[in-house]
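Chains: A, B, C and D, in written order; residue numbering restarts at 1 for each.
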Amino acid sequence: MISEAGITLPQLADLSAPVTPEGARLLDILGGHLPRIAEAAAAHDREGTFPTEVFRALKADGVLSATVPCTFGGLGLSSVHDVALAVMRVAEADAATALCLHMQLCRGITMSYELRHADPAGQALAERVLWLMGKDDAVIGGALKDAGPATELRPDGADRWLLSGRKILVSMAPVATHFVVSTRTRPTTGPARLASAFLAADTPGLTVPDNWDGMGMRASASSEVVFADCPVPEADLFLRGPVGEVNHAAMAGQTVSSIGLLGVYAGIAQSARDLAVAGIRRRGGDPAAAVRTLVAEMDVKLYTLRTALGAALLHTDHHAGRTGDDPAARGLRMIAPFQYAKLVVNRNASAVVEDCMTLTGGASFTAGHPLSRRYRDVRAGWFMQPFTYADAIDHLSAHALDLDS
Amino acid sequence: MISEAGITLPQLADLSAPVTPEGARLLDILGGHLPRIAEAAAAHDREGTFPTEVFRALKADGVLSATVPCTFGGLGLSSVHDVALAVMRVAEADAATALCLHMQLCRGITMSYELRHADPAGQALAERVLWLMGKDDAVIGGALKDAGPATELRPDGADRWLLSGRKILVSMAPVATHFVVSTRTRPTTGPARLASAFLAADTPGLTVPDNWDGMGMRASASSEVVFADCPVPEADLFLRGPVGEVNHAAMAGQTVSSIGLLGVYAGIAQSARDLAVAGIRRRGGDPAAAVRTLVAEMDVKLYTLRTALGAALLHTDHHAGRTGDDPAARGLRMIAPFQYAKLVVNRNASAVVEDCMTLTGGASFTAGHPLSRRYRDVRAGWFMQPFTYADAIDHLSAHALDLDS
Amino acid sequence: MISEAGITLPQLADLSAPVTPEGARLLDILGGHLPRIAEAAAAHDREGTFPTEVFRALKADGVLSATVPCTFGGLGLSSVHDVALAVMRVAEADAATALCLHMQLCRGITMSYELRHADPAGQALAERVLWLMGKDDAVIGGALKDAGPATELRPDGADRWLLSGRKILVSMAPVATHFVVSTRTRPTTGPARLASAFLAADTPGLTVPDNWDGMGMRASASSEVVFADCPVPEADLFLRGPVGEVNHAAMAGQTVSSIGLLGVYAGIAQSARDLAVAGIRRRGGDPAAAVRTLVAEMDVKLYTLRTALGAALLHTDHHAGRTGDDPAARGLRMIAPFQYAKLVVNRNASAVVEDCMTLTGGASFTAGHPLSRRYRDVRAGWFMQPFTYADAIDHLSAHALDLDS
Amino acid sequence: MISEAGITLPQLADLSAPVTPEGARLLDILGGHLPRIAEAAAAHDREGTFPTEVFRALKADGVLSATVPCTFGGLGLSSVHDVALAVMRVAEADAATALCLHMQLCRGITMSYELRHADPAGQALAERVLWLMGKDDAVIGGALKDAGPATELRPDGADRWLLSGRKILVSMAPVATHFVVSTRTRPTTGPARLASAFLAADTPGLTVPDNWDGMGMRASASSEVVFADCPVPEADLFLRGPVGEVNHAAMAGQTVSSIGLLGVYAGIAQSARDLAVAGIRRRGGDPAAAVRTLVAEMDVKLYTLRTALGAALLHTDHHAGRTGDDPAARGLRMIAPFQYAKLVVNRNASAVVEDCMTLTGGASFTAGHPLSRRYRDVRAGWFMQPFTYADAIDHLSAHALDLDS
């Protein structure tokens, strides 16, 4: 991982420290925001409201454009490892805030990636998006998951496409200034292609019902976004391969844009552990045998998830830079550690939170307890893409056994 | 287990069928109520309201006095196994309802137990309580857990005791007609003793703040109950041994009154599994490798919890009747399988619910989804008494290794 | 479960006591043999020799014909539960001995089953086999697993069949007086059928190379048996359905004949636990936190496996007697708990043995240590038929999801 | 980690590649030996014989002095990470060979450590030992574990000490040219001190009974060494602190000298996995659902153990060089990741081997099967020092909860 500043820090793979100076700088800036984020968390969780004031403060400090290259007005952070670490620290204060922050930070990472890897039209679009993020404080929601029939782009007969459909689980939707929408074209002739469409939030036909009511991540405003024939110029599309084609090369980009999200669940686990351990210390006395065993085993779980994730992040940064490698081979090489780490993080983070509730007792079962929030939040990790558990097993076993799928 | 009807049914220990005719009869009656209970569950969970209409209907059908002997006007159900099975079936529809129902059903079991085992004063009180349950439809809340300093009975100078203190997690408190309160005496002379006090809900000084706001079990109205110098005649006390004395014999009664509650968590797991499997069947097609593996492994977990609990319940019924055995040895013999089963049920029920969410996908993460409710409810099992996890490990290891404690 | 003596004992499903008087009687007889079996175990394990002297003594006491009905000269034990319990007790002393004993005991059970369920020719053969076991002390090895091409019966042109092929893992082969061989016919016309052939050990063409060299179960003499055109009269065949036909009804018989073998692994776990706990007690002092936690958790695992197996055995006995049920439905109903219990027993038995080694320390890593033997023996449970793990998952998930296979 | 060559390689923490040029060079040299090591493994395991010919060849290629600094005639490998990686590769071929090789390689590491950290007398001794390793091909066994009463050094009345006692589990003892023996002084006056004594194998009074008979690691010749008043000059002692004193600083050295041994268990797991996967590929066809799931989950376990260990090794190398830090704090900081990694490696390596046997079937239960050897070998990891499981839980929980012990 070579940072813009050209300095290499030790890479210990246990999420204990940033590996780039830009990552260190982002952590410094975030440090001042964490107490306020932690303090606001309970009320936003209870009410299911987005922490607007938190994001306003983060924006003012340049956090929302941290992953935008310096030339476009950002902090120039390019290490996915350090994005995950920043997200982890925020998640220790509030997971829903961290989830939304990751969406914004990974946008800078992926747009920088498009800037290097996309075709000329894609590069031009990426450049435009990065300027919007770096100079105009754009907040960009990612709309991935279809509700019902797949979102589609139809030709409008003139020179634009019309986007229609419905997306769910679009975090930050009510405050986003723009959206990147995963969709597909349905051209009059020729094959349908996968595409990512870039739209301003005030595009005609775009509405945000704001109907999020999650079990957890309640402050993430992960609501629906509805597209009713929204006009999209061709220049606002990243065009991908044909629909249905297996695309191993694309797995590199998927890894780069998504793996950092695992920092959220690492942060949930870490802060749950710290809360529970602080409680035991406060109670004092000679802890019971099971308490000692559970605490030590919990720290084993935490180390397990930190190192599996830390190593996968270093691997991601390393291979993200190896643009000369065969793209399909690189995609396959990058997605596997991501998926391994995802399973390790999800399982161990859940287990740590449950251990913490056991150590803390019945108080943690009340709706507003910090561990209750973490118990509800932590479960979201299982639903992040790619992959579902079933798809991960299919992919990983096919890879290991040299099967077609 | 010999039922009042003198019939013995096969005991298969997998919670597939009742072992007494009275148990079969209770299941029959409940069958008619289950659809309504299931239907009401979502709204009561969302609002955190007690299902008053459900309990009114159950009362009208004699369900609330099912464990009161026939001579006192009940159904005469005396098998803890069958209580747990009834509670499990109700929990498949709604866990919070089942939790409250268990509190009432175990009251009949424990009062019948007092009728056989208590001193004459205790027997007279037990008889009175059973009449109230059988004839007057008393609904009796159990107040176990102190909030802050321990609840106490002080002499009032005349011939009564005055109860003061604060209890939390008293399920059904807002609708209970009476309470049984675990407390201790603080006599002017002589040693303090453990005691259970029986009070009507309209006793002067007794208030129910109704401030329950649980992460799960939201319809159980498990609120506070406050006692401000509530007068309690001596005749309304079950007096136990001195405070601080280890009492192995009492573990028999604790097992009889509490183990049935594990049926709640078995029911949560069973219904989560049925929901998830129905969903996969509805989707049709050829399930992915991981789906097949997860479904089969989930059924292994379910079998594990059903048989560990089923066997512990048969063991409880068997030893409950062996009143000639040494009381301390019997208490120790009874509590161990209860605690083993508790750990097996809690762990496997949680794991089954998590597997179901994985199989069902992101929809199960919305606040109102039936699996989200079960994910929140199932965690309550870890906080039921006796024991905490730490105390269970201390007790079981001391027993295994022949240590003093 | 109704025993020949017509008495019903309490069924506690935790493998603590027999459920029939005949089972109680067998345990009594075995009690006298256990010290000698335990004492002989280490040397037979080291040398890989069969405990001939042990089996001679068991035969002299009628143990080898315990499951032969009284009318044929046996003890009349018909409960699979009690067979498993007997096998468990023997396995506490030596697992390899128990493995061989189970093969003999389950033969009596399955022949009694054939006596009731087979066609007239099968009934006649079963009767003959039972007489041989009850009066002539026949020791009958079961040959299931083919090595290489499937064993086959070809017509000899006259009125007999000729058996050829090679079987492996035939426990007790060097001392067996007879074999039952799972094979198939290859008739000149008509469909090939599954069949079980009954042969005396001195049949021309039958050889026993005695080349067993297992990692564990070293005293079980589970060697090869080679059949070179061994003549078999038609009357010595149990003829089954066509090769390749799914036969759910047959799963009832498979369950009855195989589930008792799980007692071996329950016995390994129980005795490992007792050894480790005795060692900790001997060391005295105040055990470390992890030791207390591990001991209690180990007892949870042991309870888990005992109750899963106990319940599956009661279920087997119950349904074995329900001959009026639809055969396919009954087969499906019986095999599922067997397979659930198999997974629970295998996993927990392995885990208990590993915990015991951790509690005991490096001494248990020497070749001759009782825990080393159990660590090697316990792994055999994963390889018993039916099913392999992969087939079990296929079967159980197909059943749960209503798939064709 | 700065290598002697001053080059820094990427540190990916997944044990995929060396981090120093010297590590890369050692892997190169080892590459030529691996086929022969793998080939010799089965026979040495069966017979329990030490692979003398293998070690002769390794010695000839300079492998046995790989960790001796170049100035003393070695390869100059100083990264514990790369030692572990080399040991892992060898363990893929044969674990017992790797265990012995680690003992020799860690000797070079610890002597280099003494050269920097010890008092002048210790430095002089370390220098002497390194010359013996680098120039004279010394093979040095480490004798840690007492059998019976603790080994002791008594003054001989003149100017030497006399060592007496008995050590077990001394790998390579029959071929060692020298031993380093963990012991204590019993001086005529003054406090007893911990000490490491350095003795030639032909010291009068030193005998090696060669009575090793392990369940696994059978080729490691981990036999007894008996000391009967062996004379030891004061100059051949590393003198440590007083007996019984807690010494957190010493945990740094313990970590440096022992953590690399975990590479053995990583190698066992990796090679078991490769064997099982190759077998499934050879069988071809469409693998069953459970096979696909098990293979993918096995790779998750393997990734978990590789990254936990990889990160702990990078951490060790990093802090080994930070000699300016407070020694006690550094020791505590270093031992925790080592212990976390040890638990993660032991558990996951065992689980992977068991999964492989399940995937491979009954053939793997024969004594000579490569998976049977790995199943027996892998268990040794639980017994390596420091710590026992109980001591690890005590240490880690005390550290987390800020307890005295």
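The rule is simple: a residue touches a chain if its C-beta (ideal position, glycine included) is under 8 Å from a C-beta of that chain, and two chains touch if they have at least 3 such contacts.
Remember, it's a predicted structure, so these values are computed and weren't measured experimentally.
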Chain-contact steps, minimal, separating chain C from chain A: 1
Reference chain B; chain at largest CA-centroid distance: D
Where chain C and chain D are represented by their mean Cα positions, the distance between them in whole Å: 42
Distance from the mean Cα position of chain C to that of chain B, given in whole angstrom: 40
Rounded Å distance between chain B and chain D, as computed from the means of their C-alpha atoms: 53
Per-residue multi-chain contacts in chain A, two or more chains: 288-294, 296, 392-394, 397
Footprint of chain C on chain B - complex, ascending: 8, 10-14, 277, 280-281, 286-287, 291-293, 295-297, 299-300, 303-304, 306-308, 310-312, 314-315, 318, 336-337, 340-341, 343-344, 392-394, 396-398, 400-403
Touching residues on chain B, where the partner in the complex is chain A: 145, 169, 213-218, 288-291, 293-294, 350, 354, 357-358, 361-362, 365-369, 372, 375-376, 379-380, 382-383, 388-394, 397
Residues on chain D engaged by chain B in the complex (per definition of touch): 288-290, 292-294, 296
